[in-house]
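Below you'll find the structures, each written out as structure tokens.
Both of the next two complexes hold chain A, though its partner changes from chain B to chain C.
Up next, the complex of A and B:
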């Protein structure tokens, strides 16, 4: 488990929502690049050498988006060359490149999300809204492997009965249907027992509570405040059009004035939260294990 | 203190003609360990469900059930859910959630327990049951025995005052079932929790039981102290008593009823040894017959088979060689996880070995899975059979042979366990197989149903069909097989006729052999001991 994943689900959830939505909404290439760098470095720290294939995939996406935009979009003033009598412009290339980075960073964040935001955390968050929905999800997660195993058993048993080597597609379809029928019957009949077992343990007696093993600590509060501050600056910057950036007809200059810098730096600090937490955890762990 | 009092309870299922329960009276005191036994269909499950009102079946009822001297209906739903715990027969179906920790907390969540209270109770329970290390596991990865242990833990965690269990060990292998019974014993002895358990296979439970109730056809035949009831009424249980009890009965001894192998062994020594005769008439008789016949051809030949599930996993089968003759009943025994079922699947061609050969004399095979429900697809038995064959004469013939003619229009899932087993077998037999593979054919069945299966297997054998059985049931293997083989550490470690096999084993053997071995030599059935004893008497 990564250091960041050890935090409370609420902090993890808020962070990913903020960083992913923040990256998608804003067209400013500086934000895209910051987000991309933060996401990639976090992936590298987490997965080490295993991540090389993944990074190649992201770079591929950047290149392909840039190429597509260059070929399909002919806006922009700076013509680089003509392709089949069509203008290929610098602006279209930069815009494609920037969007490619944006898409790749969202993908990288989603990968980390699925690693840090495990099933029990999802259940916990949903359970806070409705513990019944959380229970249904948990039951579904239980039924899937159960029915899968049953369908293997059925097809094995039937495989011995009709050991027909030259069966055609119709036969095969009929066998598949038979397996489906059998598992359906099994599911319906046996879920009566499950329902009884739920009733016997008092399901539906009153308001349910929810068991979990998460607790909010100081670090969580610090990060939640940090994310809130960033959200505030972000909204303010969009309103202020500090966040806006246009590629056409000419590429805007990257502005480095004070309020722009605040926007960039605050986003960078927020994006680095998982990285900071991971490094903090590793140092702490090293220190602790050295005492063993 | 009186925990439960049932007076004049009658119950009839909606649409049924006969009463399932008639005139039941029961009185259970605090801390008592109560065993209700009777064959399947005797009404013991229904009785338990009547006490656990949330899962009461639909029907007409009369009579009174009092819990702690108050009418059971006067309790709130919450009180009833907490105070009466219920463990079901099937370990799989009663699990609700996907994680062990969630399953343990499920009942507490329903009760609206605080987080702190839940944590405390779960910690206590996991430590008591020794399941702390499973906490994070998916319920799906547990074995049958582990699942049932979890089911018990997640009921006990709600602190019930009365624990009801409906055939909780019938789906478990012998080792897991003994372990489960020991936990029950601890819950009873160490906490004084009142336990009522319904079970037809009562070996191992008798020792811890205070009060025994015997049910038959919905009525209470007898009740009282275990030893008294067994002496008076064990006949109502027909074959469903362990060898030591039935031997005691058939010898007509006027002594205390033995509750374990040791007790019977001591009694035999006391009453039959002093007459000083050591008789060894039994034993090698089956070998003599074999020599007269010509050697039959091989039906299943296994040559140096190796098998593993995945390329990088461990070998499950290692250099296995096996010869099964045509028309033979071969039983494969062994512990859980020894690879018995895997070997059976390799023989049936479901799994392919990565090295070695399996040669079968016929291509007409049938594979009977552990759960006969696996073979059911339609909504009536007749339709099930029509799914395999169109020939009505064949179908009627088989229904008759397997004693299923009356249930041809019943939904397969509504048949009893024994009938389901026979129904699935009927389906397989319609394909006219020459070799049949059975995976645990006796699982969850009572003695009558087991004997039915045994009789059918013998008829099949007489028709020249080869039968390979994987089983945990030592008594069944001894009674019905021609040869037994034991799978251990990926290999078949010993093999032979029941007399050679069980006669040479000291621990992994029939109860009768354990009782009589030291005195009478190679005996493996209680009937033999009874015969020898009656000869001594003369």
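Up next, the complex of A and C:
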């Protein structure tokens, strides 16, 4: 478990929502690049050499999006060359490149989201919204291993019954379907028993409570405040049109004035939160092991 | 007591609509170029939340919940088994068959929860709400009365599953257009439909194959359980 995943689910959720939506809705390429760098560095710190394939995939996405936009969009003034009597412009290429980096960073963030945001956290968050959905989800999580075990049992039993050595593909498919059929029958018949016994033990009367091990501590509060401040700066810069950047008809210059710098730096600090937390945990671990 | 609860419910619903309108309004006015992605995700998520709300209020009995959990598990396992073959999945067929028996709202639940849980396995992302709504709407449509009445007619069921494949492909193309190019234009949308045509073919084919394979096996069990316990 990464250091960031030890935090309270709400702060993890707020962070990912803020960083993903912040990356998606801002057209400014500086923000996309900051977000991409932060996501990639976090992935590298977590997984070390295993991310090389992932990074190649992201670069491929960037190239493909840039090419797509170059072919499809003919806006912009700087003509690079003509393709089938259509203009291929520099602006379209830069726009495609920028949105490619945006998509790649969102994908990288989603990879770490899937890793940090485990089932218990999702159940905790959804259980606060709707207890029915949380109940169904936790049942599904339980049913998957149960049915796997049942299907192994059923297929062993069928294997004893028809001991056919020269099976072809059609026979094998037929056997698979029979196993599926009987597992489904087992599942549906048993489900009614589960429901009745839950009802007999008083499901649904009285207030629902939920078991969880999460507690809000100081670090969570600090990070939530940080995210809130960043949200404030973000909305303010969008309103001030600091965040906007236009590609057509000519590419804007990248502005480095004071309020632009505040915008960039605040986003960079916010997107470095998981990295900071991970490094903090590693230092703590080193210190603890050396103390033994 | 009853009256109080009714009023609370209406206040909750009005609040949900107002919050959604505020978010959409700020999105449209503040954001210039990427507002399509933001507003798209907001609309889709709000639709899901409202549907869940309605389900929990009107249909949320424990027996129905457990049956939905079983069908969802079957869909998720089906998607995981066929993961290596792109596009060739039994999910849409399972959703349609179950929705025909368990009704429209429950069909929506099965579809959207299959998308949610299987994306926990394959990776969550901004496309998850779109998938949830796409499969949920297939379930909702298949559960409607005029389709559900013809559930023993094989030809109608094959047509419905083909239509489900076409709808899923077209709906997810909306997402790919607004995520990759940032704006929604009909020309680009048609281009994307053109590039995803082979996938649409695979979807339709797999839906029809799995519909024919699984129709009797799932339908029989649901019918039997319904005859025995009167759940749906």
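Here, the second predicted complex is superposed on the first by the 248 of 292 C-alpha atoms of A that agree within 3 Å, B and C clash if a C-alpha of one lies under 4 Å from a C-alpha of the other, contacts with A are read in each partner's own complex, and residues count from 1 in each chain.
Following the convention adopted for this analysis, contacts are C-beta pairs under 8 Å (C-beta built on N, C-alpha and C of every residue); 3 or more make two chains touch, one makes a residue touch a chain.
These figures come from a predicted structure and were not determined experimentally.
In the superposition on chain A, contact of A:132 is made with chain C only, not with chain B.
With both structures placed on the common chain, the touch criterion links A:26 to chain C but leaves chain B unconnected. Within the superposed three-chain model, A:181 lies in touch with chain B and with chain C [touch as defined at top]. Legend: residue contacts after superposition of the two complexes on their common chain; A:201 is shown touching chain B, with no touch to chain C. Contacts of A:159 after superposition: chain B is touched, whereas chain C is not reached. Of the two partner chains, chain B and chain C are each touched by A:189.
In the superposition on chain A, the residues of chain A contacting both chain B and chain C are 131, 135, 139, 141, 181, 185, 189, 191, 194, 196, 198-199, 203-204. Those residues of chain C that touch chain A in the complex are listed here as 27, 30-35, 37-38, 49, 52-53, 55-56, 60, 62-63, 65-70, 72-74, 76-77, 109, 113, 116-117, 120, 123-126, 179-182, 188, 191, 213-214, 217-218, 221-222, 225, 228-229. Of all residues in chain A, only 20-21, 24-27, 65, 68-69, 72-73, 99, 103, 106-107, 110-111, 113-114, 117, 119, 122, 129-133, 135-137, 139-141, 143-144, 147-148, 177, 180-181, 184-185, 187-189, 191-192, 194-196, 198-199, 203-204, 235, 238-239, 244 touch chain C in the complex they form.
By the touch criterion given at the top, residues 52, 54-55, 77-78, 81-82, 85-86, 88, 90, 92-99, 101-102, 105-115, 118-119, 122, 138-140, 151, 154-155, 158, 345, 348-350, 363, 365-369, 371, 373-379, 387-388, 413, 428, 431, 437 of chain B touch chain A in their complex.
Those residues of chain A that touch chain B in the shared complex are 120, 131, 135, 138-139, 141-142, 145-146, 149-150, 153-154, 156-161, 163, 178, 181-182, 185-186, 189-191, 193-194, 196-212.
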